[in-house]
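Shared chain: chain A. Partners: chain B in the first complex, chain C in the second.
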Partner chain A sequence: MNARILALHGGLLALLLALHFVLPVYHHGNLARVMVLACYAIGYNLLFGYTGLLSLGHAMFFAAGMYGMGMPLYHLGLGAELAFLAGIAAAGGLALVVGLLALRTVGVAFMIVTLMFSQAFYLAILLAARWTRGDEGLVLAGADRVLFGLDLTDPDIRYLLALGLFALCLSAALWLVRRPFGRVLVAIRENPERAELLGYDIFRHKLAAVVLSGMFSGAAGAAYGLMFGYVGASFAEVHFSIFPLLWVLLGGAGTVIGPFFGVLFMFYLIDISSGLTPAYMLVAGVALVLLTLFAPQGLVGEVRRRWLRWLP
Partner chain B sequence: MSALLSTRALSKSFAGLRAVHEVDFDLEPGEIRALIGPNGAGKTTFVSMLIGRVAPTSGTIHFEGRDITRLPAHARVRLGMAYTFQITSVFARLDVAENVALAARRRLGGDRAAVARETAAVLERVGLAGHGDALAGDLSYGHQRLVELAMGLAQAPRLLILDEPTQGLAEGEIAAFRRLIRDVAAEATVLLIEHNMGVVMALADRITVLDFGEVLAEGSPAEIHGSAAVQAAYLGTGADA
Partner chain C sequence: MEFGPYLMLAALEGAVTAAVLALMAAGLSLVFGVMRVVNVAHGEFYMLGAVLAFVVAGMAGGGALGFVAALVAVPLIVGALAVAADVTVLKRVGYDPERTIVATIGILYILQQVTLMGYGPDARPVAAPFNQRIALPWVEWGAGGPSLYWPWGLSITSYKLFVIGAAVVVLALLWILMTRTRIGLVMRATQLDRETAQAFGIPVERVYALVFGLGAGLAALAGVLIVPIQQAHYLMGGDALLLSFIVVIIGGLGSLPGTLIAALLIGLSDGILSVFFSPTLAKIVATLLVALVLVFRPQGLMGKPAR
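Moving on, here comes the complex of A and B:
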């Protein structure tokens, strides 16, 4: 692998590790959250940024990971390790079914179909209150949140595990997009008809992208539930499908590190502006409009366009 | 029959309009075949059915003895057919080398060194060596046509279908293109849709003339050149064949 690509991504991970030792408690906790959500954004970006498919229903994959982890842990007493894997499997399975149906459409229809599936999933969570506890959600006991002997109620362990998961997702995404498979996804985004006539099966590649994207999202959802001890229906609501779209647009669609910076930027934009004024969403909105006007390719996308064309 | 590609009674209607009507067509291995005809004769519809971009209304298509009528386009490409678009269709926001590498990679897989070698060799061959890092969309029209051709060559196809490859090219570019196709014909069968009669007469072993979706005539360049029916179709004099 190209040395500067390795240095950049490895450097980011090293910086995040160093921050573990110096950050004040408040920002330390924030960054742990940001890293887990960045895994969600990385998954979303794989489908939106690289394959060119805009989903408005990714909250269902995040929530499938969360409930797929939380319900067996809560009801069946499954260990956190297996429950985490169950979450990823649940999200992947759901993504396969949704992909098979939704990929029969393209463009706006694909957006609507994914949105509808996600809404149906949200309502199903509320309706299955007997197992999901509906609106209230499931509160996971501290004693159950132990992963390989590591106690997830400890903020230090939480940070380091979030970093571990983020490192895994970032490396996996970097590996994927530089492989022939990832190059074909980009080709499909750029010109699907041409890609088909180069002998690539467009449907199968798109389906694989949906499933992988769903699994990344599910891993993030499962980790989020385990780390913060709560599994709730609000994570399946429509705004949780819009967030990853905003994060990826802000950070830079189709860049490997963009999603992380998108989440970080938006997290602190809301955090800081809500400290200044009750109308913090207005501040956030104006900042988003400005960024869209002056850096339409997102933060990292703009850096790539201007200076670093080699960024993956 | 040892035809590389053959069609039987191949037809396509669009809302009742007969674009291609019961065409029987045989392409021998190793030849350069030109497909000519007036505008609207059904040439592009015909080759679109061959490659699988358009589904036929009726009839069959065989490639190397295998019925491919119902195969999707990507599966036909995997069997060894390649198609270059009439309206240039490159990956405009990707660099030239990646455009060609995408074509080579499907065949060569994840072997980066082999893909890079093949890409460089093909770019050299079409005269685009040194343009590998440019974005395909930034190239001149003529160079984009060459990228299109390079993508065809990088697939090492057994049948290369070129849909009006010289359209919009300058005279000098056309001469270079003719040499290139001669060269390609040593490895692949070429089916060429072409309006430039100079190119057709210089390159084609045989010529098929389509008119109103049907085969009007087929023969050597000399035979076609002397055919009254072909003259009539092109000049619109209405003379009998």
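Moving on, here comes the complex of A and C:
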């Protein structure tokens, strides 16, 4: 692997580690959240940025990870480690089923099908209120949120674990997209007919991308639930499918570090604007319109286009 | 109440839903048919129709006059707004299907949140211009053969009948516009082949702006009509959008008669299902059905297969 690529991504992780010691409490907590959400965005980017499949239903994978982790923990008393894995497995399983069905469609139909499945999943969470407690959600007790003896209610441990998960997702994504597998995904994005002509099984590659993307999202959902002790239906709403799209577009689709910067930027934009007005989603709307008009490449995408052509 | 009258009541309520839905879905279908883009902000135009109906009716002094003023003015205002959105945003992304979806999601949030800031989070009603209760008879098979009686609770208001009638008239006008007028001919030509239409001197961009405005105007009209029955609220667009998506997909994207039949089907079954089952369960079943229709029969029930 190229030295400057390693230096850039390693440098970002080292910077985040250094920030752990200097950031004030409020921003320290925010950054932990941003890192977990960035894992969600990285998963989304794998499908949207690299494979060129625009899903409008990723909230179902995030929520599947969250509920797949939270329900066994809450109802069955499963340990946090196993519950976390159960969350990833739930999201991966759901992604497999959704992928098998939705990948029969392309383009606009794919977006609508994923949107519909996600909506059905959200409604199903509300319908199963006996176990999911519907709108109210499940509040996980602090005593249950212990991962390998590390108490997740402690902000310092939370930050470091979020960083660990982020580092894992970032390196996994970097590894994936630089492997032949990742190259085929890009080939499918650029020209599916030609990729097929070259002998690649497009459907299986797309399906693998959906499942991987779903597992990244599920891992982020499970981690978010564990770290902040709340599992709620609001994470399955349409908004939460739009957010990763926004983050990835903003940060730069098809770049490995783009999603992180997208989340960071959007998080603070909404943080600041929600102090000014209750209609903070207005910012998201304006950002989306401006992005489609002026910067379809996103922040990191623009940087790559202008200066750093070698960015993965 | 017995089962029969109960079913009839559900069907009548369903017919009102179907009428409003048909108007809204016709707008969505028109935009998709001619422009080949999906307008995710369509539900917000419906919401704006309802909210502006409240505002305009208030300014015109309320009552029947206020409602008529809203009925005339609001679709025009919303249509003009949509034309502005088309020219400033959609035209500049070149009507690329995916980027249009992202841009209209942005427009959705902008409209919704600006409404929240200007109008507030409350749901507000507009008084119907007329609202007589009309009791309906039911046939009973007694000992002496069939006889009519008026079961308690089986009734409809004159306003709801007006909504059904208005929807039928507007849809008939739309059909005449599309099939019998020059502007309809131009729209259909653009729908068939954009490049050839342009080569024959049709101002395609102006046709697109007009179609987008017309589609939004239809949604706004549906919003005005529903306000006396269901209050105006800034989040009402979401469910309406989902239902009209369902209608347009089941009916076949871009097919007007298919849209109409699907609106009747969905409206009636929604009315009947939500009377007998949990509304959430009914919605889950409907949503999944639509997703599966798209997966296994992408051209919809009435649409032609893709060429």
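List of remarks:
Criterion: the second predicted complex is superposed on the first by the 292 of 312 C-alpha atoms of A that agree within 3 Å, B and C clash if a C-alpha of one lies under 4 Å from a C-alpha of the other, contacts with A are read in each partner's own complex, and residues count from 1 in each chain.
Heads up, the rule we're going with is that a residue touches a chain if its C-beta (ideal position, glycine included) is under 8 Å from a C-beta of that chain, and two chains touch if they have at least 3 such contacts.
These figures come from a predicted structure and were not determined experimentally.
Of the two partner chains placed by the overlay, only chain C lies in contact with A:L101; chain B stays clear of it. In the superposition on chain A, contact of A:P180 is made with chain B only, not with chain C. Applying the stated contact rule after C-alpha superposition, one finds that A:S213 touches neither chain B nor chain C. Partner contacting the larger number of chain A residues, of chain B and chain C: C.
Shared-chain residue A:S273: touches no atom of chain B or chain C.
Shared-chain residue A:E196: touches chain B; no touch with chain C. By the touch criterion stated above, chain A contacts chain C in their complex at residues 54, 56, 101-102, 104-105, 107-109, 111-113, 116-117, 119-120, 123-124, 126-127, 238, 242, 245, 249, 277-282, 284-293, 296. Those residues of chain C that touch chain A in the complex are listed here as 38, 89, 92-93, 97-99, 101-103, 105-114, 116-117, 238, 242, 245, 249, 278, 280-281, 283-284, 287-288, 290-292, 294-296, 298. Considering their complex, residues 51, 53, 72-75, 77-78, 82-83, 85, 89-94, 98, 101-103, 105-107, 109-110, 151, 155 of chain B touch chain A.
Note for the complex: chain A touches chain B at residues 179-180, 183-184, 186-187, 190-191, 193-202.
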